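Presented below is the structure to which this report refers.
Going in written order, the chains are labelled A, B and C, and every chain counts its residues from 1.
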Amino acid sequence: MKNYIAKRILTTIPLLLCITFICFVFINLIPSDPAEVALRIRQTPVITDEAIQAVRLELGLDDPFLLRYLNWLGDSLHFDFGVSYTNPSRTVLGEIARCLPATLQLAGASLLIVILLSLPIGFFCAVYKDSWFDRLVRGLVFMTTAMPAYWVGLLLIWLVSIRWNLLPTSGAGSWQHLVLPAFTVALTYISTYIRLIRNNMLENMKEDYVLYAQARGLRQGTILVKHVLKNSLQTCIVAIGMSIPQLIAGTIVVENVFAWPGLGKLCITSIFNRDYPVIQTYVLMIGTLFILFNLIFDIVQALADPRLRREAE
Amino acid sequence: MIKRLTKNPIAMGMLGIILIIALLGIFAPFVAPHDPYEGNILNKFATFSWQYPLGTDNLGRCILSRLIYGIRPTLFLALITMIGTIGLGALMGVLAGYFKGPVDEVIMRIVDVMLSFPSQIMIFAVVALMGADVRNVILANIFIKWAWYARMIRCNVIKYRSRNFILYSRCIGTRETFILTRHLLPSIASELAVLATLDVGWAILNISTLSFLGLGVQAPIPEWGAMLSEAKNVMTTNPIQMIAPGVAIVVLIAAFNLLGDALRDVLDPKEMELS
Amino acid sequence: MSEKILEVNNLSVVLRNKKTDKEILTGVSFQLRKGQCLGILGESGSGKSICAKAVMGLLDDQFKVSGEIWYKNENLLQLSKEKRRSLRGKEMAMILQNPMTCFDPLYRVADQIAETFETHMAIDKNKINAYAVRTLEKMLIRNPDDVLRKYPHQLSGGMLQRIMIGLALSMAPEVLVADEPTTAIDAATQYEIMREFEKIKQSGNTAMIFITHDLSVVSQIADYILVMNQGQVVDRGSYEHITKHASDLYTKRLIKNRLAVINKYREVLGI
């Protein structure tokens, strides 16, 4: 088992290096000269060649490529991501740290809603296959996959906040502010997971061990929950876990719609302001989270299934 | 296969809807009642009337006309994106799956790396760095998504590659390009069709989202996502401005998804046995 | 003659499809007496498994079952699903074909045996383990404590089959249905499993229905054989009767092929 974990971690390291490299390369692909951009954003009145040279020296832009990459990588490992181009008094790390909690809050709430809703609904859809409930849910699921998240958000604001005056329209502060945005983010994923659980359960219900359990006289409810559900959850939990980084990243649009003060808002403003260090760090962060979560849940999956546990040994 | 497709009512229905919408878009100047860019600011937020069937927006422009003209950017940009993505993905997938060996290894390593990162974020990043422009959006989409299709198509190609008729062709010394175009492509065509259809839906969603955020199609072009961005601010006064483009997007994406599902059912080998 | 345990009259099963109904089983009738072993012989698709499942009540709503299944003066087909469930595993036990896939891979063997006991018996939790160990010992399984702690994929097919049989017998059922119990097992283990079945027959407590496609296997154990083909019983009788006086074409062909193999074997060995 430990060998398996060690091997998995080893394969992850090159991937992580790769993403850091790609992030670094990205910055250097921007069409404009970063020194000039920095000067412009700092609103230097006159951009002279000497000024550009000075900035180039300051930002270390004349060093060879590999050296710059290694320097940047070293800095990143120390969580030193440089300063924001827009506002040099603020560090990138500071900016991200400022906005991260709100996004985590939103992602966390959405995850909770996804799990609480998709598991039981998927379960009952499978158990009562082709019933009116199942068909209704499948219809709704289909509609939601065709709906853009931002439109759902807008609709919810219009209906719930404006017409029915139940919840605030935007901003953050209380749990009431959290409900609509969390639900909007969750909606995109709920449909996927309902389908996943339903299909997993239907597949597992055809397995031999279900027939044998019935032959032994076990109650259908026990069979469904104790055996079928547990077998189905295996894949689902791993899938849900691996999509947590996507959930965190996916809040961008919803944060925009609901004016939620999280990373998404930071990201969009940075894109418009061409604040490249912030964008770069954001991509690096999400990419790393993605790879790490994949690794963690791969291992979780191996641990949870007794068959894989043995194979890995 | 095409015959079975024509017998499936859902597939035909969806194809019909999509064709109608596409035709509306192509012939927009003849179908739309007004110019989508021309607005009478004095007439903003007008209610439904014969002259303005869906009313006017915040700048006094006819919503219905903007909706119809909006078919062009929404649908056709998505189609271009899909062709690029599927084209590149299919090319890579076929090369990797058919020639195996080092070609396969290299391509698959690249695919693995690309698939390790969340596509949505990468698209954002590419757009962010290259600038908020429609062209960049399309390029970003193609650049990021091709990997996923390459892998799926490679799977398919490997499955068909060991089929007898291809082995025979290689035996008698047919040129590789001939085998590729005349034998292999038709076999994977059905899978490709399903993937392509579903990808259009995804592309529409993606492009409209970016336009909504201001990173794609820029105002005043009447792309449906961009229209929703403008509608956001006037939701309370003129809800129809928000509802109409949204419903249009849902209908279009739903049509493509249903078509894709129907295609998949039609091409399902189990269905083939029963019929 | 020992008492009649099970009487099946005119059992028919129809598969309801979206478009058409397909008749899978037609007019199957037989009787089962205490201590007797009834063999059901047929190829795949002949309906023998469906017949067993219909008797046990394991067919879902897609299947329409008609006829009568008399057990202890009750027509099983008219009982509620819950009543049938309580009979299953206790008074009517079944052994399935692929022991490797019949156990839930996520639970230890001990857990799965325990849940069967708990469903049917009001047994003290502490006594369950002892009972399980005894069940395995009766099947001559060595180191029962070890085996109980294992997961299904860690045990061989033969071992799992024995556990299945042991579990089925632990409830002292009146009827034991064995659906192709030796098909998925290697030849050496097959021999041992067949010996277990012979022991069951000799004890005289349990009536058996033994389903197989293998004529030689059924000849070892069955007192009375039903030959099935395409959902119908085409021949019935003892093994000698069938080999010599088979009336149906299908049976005749089956016997002929089997005898040809035996004759060739004798010829090669010079017997």
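A few notes on this one:
Heads up, the rule we're going with is that a residue touches a chain if its C-beta (ideal position, glycine included) is under 8 Å from a C-beta of that chain, and two chains touch if they have at least 3 such contacts.
Note that this is a predicted model, so its numbers are computed, not measured.
Ranked by separation of Cα centres from chain C, the top chain is B. The central chain of the assembly on a C-alpha centroid basis is A. With centres defined as mean CA coordinates, chain B is found 23 Å away from chain A. If you average the Cα atoms of chain B and of chain C, the two centres end up 55 Å apart. Between the Cα centres of chain A and chain C there is a gap of 52 Å.
By the touch criterion stated above, chain B contacts chain A in their complex at residues 113, 116-118, 120-122, 124-132, 201, 205, 208-209, 212-215, 225, 228, 231-232, 235-236, 239, 242-243, 246, 249-251, 253-254, 257-258.
Residues of chain C touching chain A in their complex: 56, 58, 85-90, 93-94, 96, 98, 101-107, 115-116, 119-120, 151, 153-154, 164, 167. In the complex of the two chains, the chain A residues touching chain C come out as 207-209, 211-220, 222, 226-227, 230-231, 234, 305-307, 310. In the complex of the two chains, the chain A residues touching chain B come out as 15, 18-19, 26-27, 29-31, 142-143, 145-151, 154-155, 157-158, 162, 245-246, 249-250, 252-253, 256-257, 267-268, 270-272, 276, 279, 282-283, 286-287, 290-291, 294.
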